[in-house]
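Per-chain residue numbering starts at 1, and chain names A, B, C, D, E, F and G are given in the order in which the chains are listed.
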Amino acid sequence: MLNVKEILEWIAVLSVLLASIISMISAFGMIRLPDVYTRSHAATKSSTMAVLACLSGAFIYFWVHDGYVSVRLILGIVFVFITAPVSGHLVTRAAYRARVPLAEGSGDDALKPVLFGDEQTSPTITADNVDKHE
Amino acid sequence: MNNLIVLPLIIPIITAVVLVFLRDQIVLQRIISFVTMGFVCIVSFILLNIVQTEGIIRLDFSGWMPPFGILFVADSFSLLLVLTSSIVTLICLLYAFSMMGQRYEKMFFYPFVLFLVAGVNGSFLTGDIFNLFVCFEVMLLASYVLVAFGGGKRQLRESLKYVLINVVASWMFLVALAFLYGSVKTLNMAHIAQRVAEVGQDPLITTVAILFLIVFSLKAGLLLFFWLPGSYSVPPTVVQALFAALLTKVGIYALIRTFTLMFPLQQEVTHTIIGIMAGLTIIAGCMGALAGRDVYTIATYNVIIGTGFILIGLAVGTESAMAGAIYYLIHDIVAKALLFLLIGMMIYLTGETVVKKMSGLIQIYPIFGWIYFILMLALAGIPPFSGFIGKVLIGQGAIEAHSYILLALGFASSIIVLYSLLRIFLASFFGETTISPEDKKPIPKGAYTSFILLAISIIYLGIGAESIAVYVKDAAETLMNPSIYIDAILKG
Amino acid sequence: MESLIMILVGILASVGTYLILSRNIIRVILGTAIYSHAVHLLILTMGGLKKGDVPILSQSEGPFTDALPQALILTAIVISFATTALLLVLAYRTYKTNGSDDFHELREMPDE
Amino acid sequence: MKINDVILRTVVKGVIFIILTLGVYLFFSGHNAPGGGFIGGLVLGSAIVLLYITYDLETVHKKMPFDFKKVAALGVLLATGTAVGSILFDAPFLSQTDGYFNIPILGEKHLTTVTIFEAGVALTVIGTLVTIILSIGEDE
Amino acid sequence: MKETILLLALTFFMIAIGLLLYRSIVGPTMPDRAIALDTIGVNIISAIAIVSIILSTTAFLEAILILGILAFIGTIAFSKYIERGVIVERKGDS
Amino acid sequence: MFGQFLLNLFIALLWLLLMDEPIPQLTTFFTGFVVGIGILYVMHRFFGTQFYLRKLAKIIYLILLFIKELMTSGFVVTRQVLTPNLQITPGIFTYQTSLKGEWEVTALALLLTLTPGSVVMEVSESGDVFYIHAMDIEDSKESVIRSIGKFEKAIMEVTR
Amino acid sequence: MTIDFAIILIPFIMAALILLFNKQLRKKYLGWIVLIIPVSLFLILTTYIPRIANGETYTHTYEWIPAFNLNFTTYIDGLSLILSLLITGVGSLVILYSIFYLSMKESLHHFYCYLLLFMGAMLGVVFSDNLMVLYAFWELTSVSSFLLIAFWHHRKASRAGARKSMTITVSGGVSMLTGFLMLYVMSGTFSIREIIANVEKISEHSLFIPALILILLGAFTKSAQFPFHIWLPDAMEAPTPVSAYLHSATMVKAGIYLVARFTPVFGGEMVWFWTVTGVGLITLFWGSFNAVRQTDLKAILAFSTVSQLGLIMSLLGLGSVAVHLGYSADTVIYTQATFAALFHLINHSTFKGALFMMVGIVDHEIGTRDIRRLGGLMSIMPFTFTIAVIGSFSMAGLPPFNGFLSKEMFFAATVKILQLDVFSIESTGILIPLIAWVASILTFVYCIIIVNRTFLGKIKPDIQEKNPHEAPLGMLISPFILITLVIAIFFFPNLLGEYILKPAMASVYPTFPSAAEMTPHISAWHGFNIELLMTIGVIVLGIVLYRLLKYWKKIYRIFPQNWTLNAIYERVITTSENVSESITNRYMNGKLTHYFIYIYISFVVIVAGTFVALDAFSWNPRLDAPVETYELLLVFIMIFTAIGLVFAKSRITSVLLNGVLGYSVAFFFVIFRAPDLALTQLVVESVTTALFLICFKHLGALKPEPSSKRVKVSNGVISILVGATVTLIGLAVVNYEKFETISTYFENSYELAGGKNIVNTILGDFRAFDTMLEVVVLFIAGLGVYTLINLKAAKKEGADIENK
């Protein structure tokens, strides 16, 4: 018979498993998505969610299994939660300012006129010379 | 309580840190660093004499008994080296006072030197193999900065090479340490020795020992000396002198300690390899010294020859050879420091490094010239100067051990040493002077004092060899009988 | 596990060596970085792997995994960090003053 | 368009306290749990570096006018000082002492010289870390 | 059973890390790498959490928090580097 | 607002002193705190401000909003990744917010970033215009603009 | 302090005093003050003559380095007395001579200082019983000789000559030292007397012959024996008094002394006999042969000295046969060669000293020593001419001069030896008198050349213009004293024999019971014996050869110019310098990459070589902990990353890959239960990565490696070997389980050190010292970074650094 403790442990374990699956899919998205901006969606959202699920699972597990309420885990969850979107924001901003182009087939670009408005041609920077201009 | 033993390490460190706060008070920095080194000299001298009456003394840090804690062990061998290197540093400081220039002194020159000294002294004194690594690193980090101290093209370039080679050497050291711990499961050198003896130094342990040989050879410039000529010829003169005097000697010390204390049982393997390496080192050193057209090349290859020569003593391994190696080590510390100070001064006075472009220095600076002359004789092992007794004892040991090839190489090298240094003397000191009276720079008093003091040391070490014989004999005896050391650490 | 890590260490050492044998400063420095990773793993392996619990007394009753190598590695990490910092600065200062990052060019030129 | 760092700066203002607290916690917990002076110092140093990244040299220097070389030096002095201190009590170099002290308000506390030693370590780490980053940062 | 699931989860995280590693090597741009690395850091956090459960120890929980902090600082630094070429600026608002 | 909290603490302390235990207990302090909450709730209108715990509730609501957005967007992205052939048109659009102050702007930006399909790329110098990258500009722009009002409100509830 | 010790010390003290009071001492009186020393020493030494002649010896020991048996033991016996009398006697005359010879413009204090240094050293050599002390003085004679040769060091030739003599004599000295050390190892003593007393115990030792040869090498170089004689002619760059003193009368006799001294030790060996005799004879011949062709008077004398030294040497060789034969009534006769050697030693000093002084006078007054420019000086310089004639005739072996006596004895000895049938003398022995005779003819020739070309014939016009005149009286005193001796000895040889040579014979043949027996009655007339015939032959053929000189002089051109010993010597030196330079420059090429290759190859060859040779490998994977899938994945990730690093094309990629490696290591630390490590590694790795990024920005972009494919492959092979070495040894070490680790002790950390985190307790307490130093390392690095960045090379300020 499953008691509450067992159920909670199973929930913890399953949430960890779920997290790992999401993470894997998200990583797959990192491969599959066409440009850095779309990839940043996968990173800031799916992966963050995965890690939060995983940490919550661990929190529950330690709480139930060892009776140990880990403040550190909570802090970790909070921290990741707050900082993940900031990272996404900063990286995409940096990418754009470093003139990484949007994927082909992208729609409107409201930022281009503001940042590079005075330039005649659109930034045609390939991946290669981004590396070079490091 | 033997807390005295840690002072040669900790006092320079603390002083160095304090000097960081006194960055702009250069005079104060000089006074403090000088007093510190003087104090270290006194302490090590006192310790040396304590060891004569009480035998090997040790200091268990935090009171943890060996083999569990780290400890410093003071025996005659290590203390002789501590004392000598401290004295030499003290004298080199005098040179630095008059020659370094305020800009460099303000850039923490004295702290770095003191850190270097601390690392060197720590390496001599530690009884824990991992701590030896750490002490090495203290010394190396300080030396990394000091090599680059000029900040010029060549300094940076050569120091980069120096650092990289030493980083690789340190890596090998760690690898060796890992294997050593993995096999004997302890870090205390005496305890390692005991355990190695228990299994009769089986093949795997001998392999590990050989790994240590490579590591320390890199530091000592035994065969693996490629880094040495470049990095020893770029830093400020006083740093060169300290390097030549101290750095390779630490490697040599480590080699001697390692293969007399920890791994002495497979001499037909280990000492044969050391012998071959020493022989090749001497040959290469001699070729370099012969090839040299500038004073740096000649001087740096002389350092290499010196290393090879001392390690003949280890390879030969008899008690007299060991005593000779110790004598020669002490001599070499003093003499190489003086050599580099002198050639640095030559370059300062003439603005040239190529031997043939200097001439007639002895006419303007007679004492300077004669000190060089005496040094030359000492380095060639000509009696009654400092190199003689060590050379004789190593030679004697080599004959006792039937190591005739090493004997021949070693003794032949002293002729090359003489020849190479004589070339400088004849070309640069003798002959018509090329310096016009108005270009004549005076040699600063501090520099002169340092020359004279080192020259006196060289003469004293030769003529007064008896006065340190008792220490050297004790040191050699301890090296030859590792059980003395082991018992002092592990029994009681 | 130990054998696997030893092989890994060997591969890391090989790669490190290969990089150190490069002519480019950056590659050489990266080689030294790989070296330190390799040796830290090596030291840890020398104490045996997964042979006991985390060496914190409040966490378990024991047996504990060998703590000594861990302490040694900690010291080694710090030292390697210190060295790396210095090395990096030295490297770029060298590059800036000498104008080359090729070790075949970083030497006494005949006309110098 | 000029870069507007408002998001970053705002978040860092909040997050920095978590980091600092963690650093102090790690520093004190080292004796019985993972942590200690070194790692504590690193985390605290990282927090300072984070400030430098988020703001800039001048701004941070105005708010934290330390010479970090001297902070590091102070750390070394502290670490070596505790070591030397034991000599004065005729104990072997580096001997650590500990004891239970009854301190007003805080109650009975376990105090040990290791803590001072570790504080020295931490200060050195902070000082060195920041010195390195700043020196390189200033070298343009 | 639970442990098997946890090991499976761990394996999945490793695969994720491997994929992200591919992205961080291939790039093609710096921001791609930055994101991939940030995500690797986050995934390692998860992995450490799982290992902690398996080893039944709380000793690594600090590592989780620290890793979070580091991933954050690293990503900031990286993006600043990509964006402005320096990590620490001399003067504000330049 | 903060005054209410201090007052609550004071009530708790008073409670603790009134109990006059030989060794003051933390639980007693909490009891006092709870008592204080009750007293304050009754009295809050006299202060002319909101009950301070209500703000707490708002904060919790905001956090939950964050979590919800994260969950949905996580699944949305996952779904998009797993969709056999991607039919998306990414793009960048702008949004002008009425929020003021760094905390408000930051919170909104974070929230927007967590929202499915959008990442805030730039904030204008004045701090009131967001440049948002959308995974699929057709879909996202609509839904973002639709939910932004909700977010602004939730944030203002907390901050003002 | 006893007298014998003082005798050695006084010259040194005086030398020091001269240097100290250089400014106070007037140059005018300096020579005279210095002169007091040798004269008084000579007088003191003469007081020893009767006592030594009575068979007494004097020994005193002063401790120097007793710990290693290095003691200052003086030993005065007949042999040392001869030499010491020469040193002080000739020394007095030379100083007297140089007072007039040297101009006041010279740095006289240096000159006298060196001379006194030399004198003390020489006395030390002959009075030392301890081998090491002897060696010390021996080298000091080389050094002081060096200084004297280079006295006019502004001349290139002086410097070259000084260098050559120093190099050759010191090399010989080193060889001799080796021989001495071998003797010590064999006998356990540095005392020559003790060694002589225990010769039988060591003569079978395998080192006996090597020691013999090495010691002889020392003696040969010092005494300018073939082929080491080449330094001596060049040493003539020294001021002539120096040549007279060092390079004819004293220093070159040190080798002779050494051979005589060691005859009791090694004399019984055939190697000794043939080497000493053979080398002596060759030198005798070669010296005289070359003397004939010289055009510089001093060079003629130099080669003649070489030749004469060969003569003495060969005599000692011949005399050593008596040691081999052992004492008997019949064997005493063979000691006569030694007697002749010692006798000629003295005679040579007298006439050669005089001749050098003569040359000095000619040089001083005429300004040249070239015989092609000289001639007819007899009328201008009658006294000098007298000196030349007497000196040369004595050297040529003509009566009534002392040279005749010893030359006759020499011939006698060479002939006598033929009677023996030991040491295969019967087969090749005939060469001995033959060479001796031929060489004597040549000697006669150059003696005539000296006299004729300088003093006879016409005065060359350019010399006439200088209005030359006879030397001042002061310069003539010394040579006159010497030629007086040349004659006096001829008439009273037995005085010398009885008082001086007899005790010396006792020193050379200590096993022979009576020295008197070995001391013949010297007389000029022995009747018409073979020696006399040989002498007559020398005179007749000598005159003929001199007359025909221009015809047979061509044979000197047979030897190609670049195959002379000097040329070979120079070539050996330049070649070895050049070869050294090219080899050294080839491998020490400043390329760090190459240095690393050498290091790795050494690493692999030596370490792996030992590992394989000792068969230290073992492997037992069954003891391993199990591997989980995810761990395997992590390993693959690391390998993949590491290999990716090799092919990385941009700086940043490689930094990031390195970061991945670091993080993976951190994760392994987690898996392997090392929380502190994991924490530290994570932070350190991040900071390192940041540093990499910041610093790499300042470095150039990552270019593709310019090495050729071949280089890459060989680098790859080396790398794999390094990695394999580490792995294989590592596997063996993992399997090595003979010891318990000491770390179990630390598991009581709570009881011992009050901490529950074992690692932290180790770092903070058990091994706190490491931690303390690690902090210091970190601090140095921080400070170093600051210094490196802020200490940029200054343009023009500061001190010696800028000079590079």
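In the analysis below, a contact is a pair of C-beta atoms (placed from the backbone, for glycine too) under 8 Å apart; a residue touches a chain by one contact, two chains touch by 3 or more.
Per UniProt, the chains are B = Na+/H+ antiporter subunit D; C = Na(+)/H(+) antiporter subunit C; D = Na(+)/H(+) antiporter subunit B; E = Na(+)/H(+) antiporter subunit F1; F = Na+/H+ antiporter subunit E; G = Na+/H+ antiporter subunit A.
Since the model is a prediction, treat every value here as computed from it, not as a measurement.
Least step count on the touch graph, subunit A to subunit D: 1.
Identification of common neighbours of subunit A and subunit G yields D, E. Within the contact network of the assembly, the step distance from subunit A to subunit B comes to 2.
Using the mean of the Cα atoms as each chain's centre, the chain most removed from subunit G is F. Across the two candidate interfaces, D-E and C-E, the one carrying more C-beta contacts is D-E. Each chain gets one centre point, the mean of its Cα atoms, and the points for subunit B and subunit G are 26 Å apart. With centres defined as mean CA coordinates, subunit G is found 63 Å away from subunit D.
Annotation: 67 Å between the Cα-based centres of subunit B and subunit F. Touching of two or more other chains is recorded for residues 13, 17, 20, 61-62, 130, 134, 137, 141, 144-145, 148, 151-154, 160-161, 164, 168, 175, 178-179, 182, 187 of subunit B. Chain contacts: subunit G has residues 590, 592, 596, 651-653, 671, 673, 675-676, 678-680, 683-684, 686-687, 690-691, 694-695, 697-698, 726, 730, 733-734, 741-743, 746, 756-757, 763, 765, 767-771, 774, 776-785, 788-790, 793 touching two or more partner chains. Annotation for subunit E: residues touching 2 or more other chains are 10-11, 13, 15, 17, 27, 30, 55, 57-60, 62-63, 65-66, 69-70, 72-73, 76-78, 80, 83, 86-88.
Of all residues in subunit A, only 75, 78-79, 82-83, 86, 89-90, 93, 97, 114-115 touch subunit D in the complex they form. Against subunit A, the residues of subunit F that register as touching in their complex are 66, 70-71, 73-74, 76-78, 80-82, 86, 88-94, 109-110, 113-114, 116-117, 119-122, 124, 131, 133, 135, 137-138. Subunit D makes touch with subunit A in their complex at residues 1, 3, 7-8, 11, 14-15, 18, 22.
Every residue of subunit D that touches subunit C in the complex is listed here, in rising order: 32-34, 38, 128, 132, 135-136. Contact residues of subunit C toward subunit G in the complex are 1-30, 33-34, 37-38, 40-42, 44-58, 62, 64-68, 70-71, 73-75, 77-79, 81-86, 88-93, 95-97, 101-104, 106-108.
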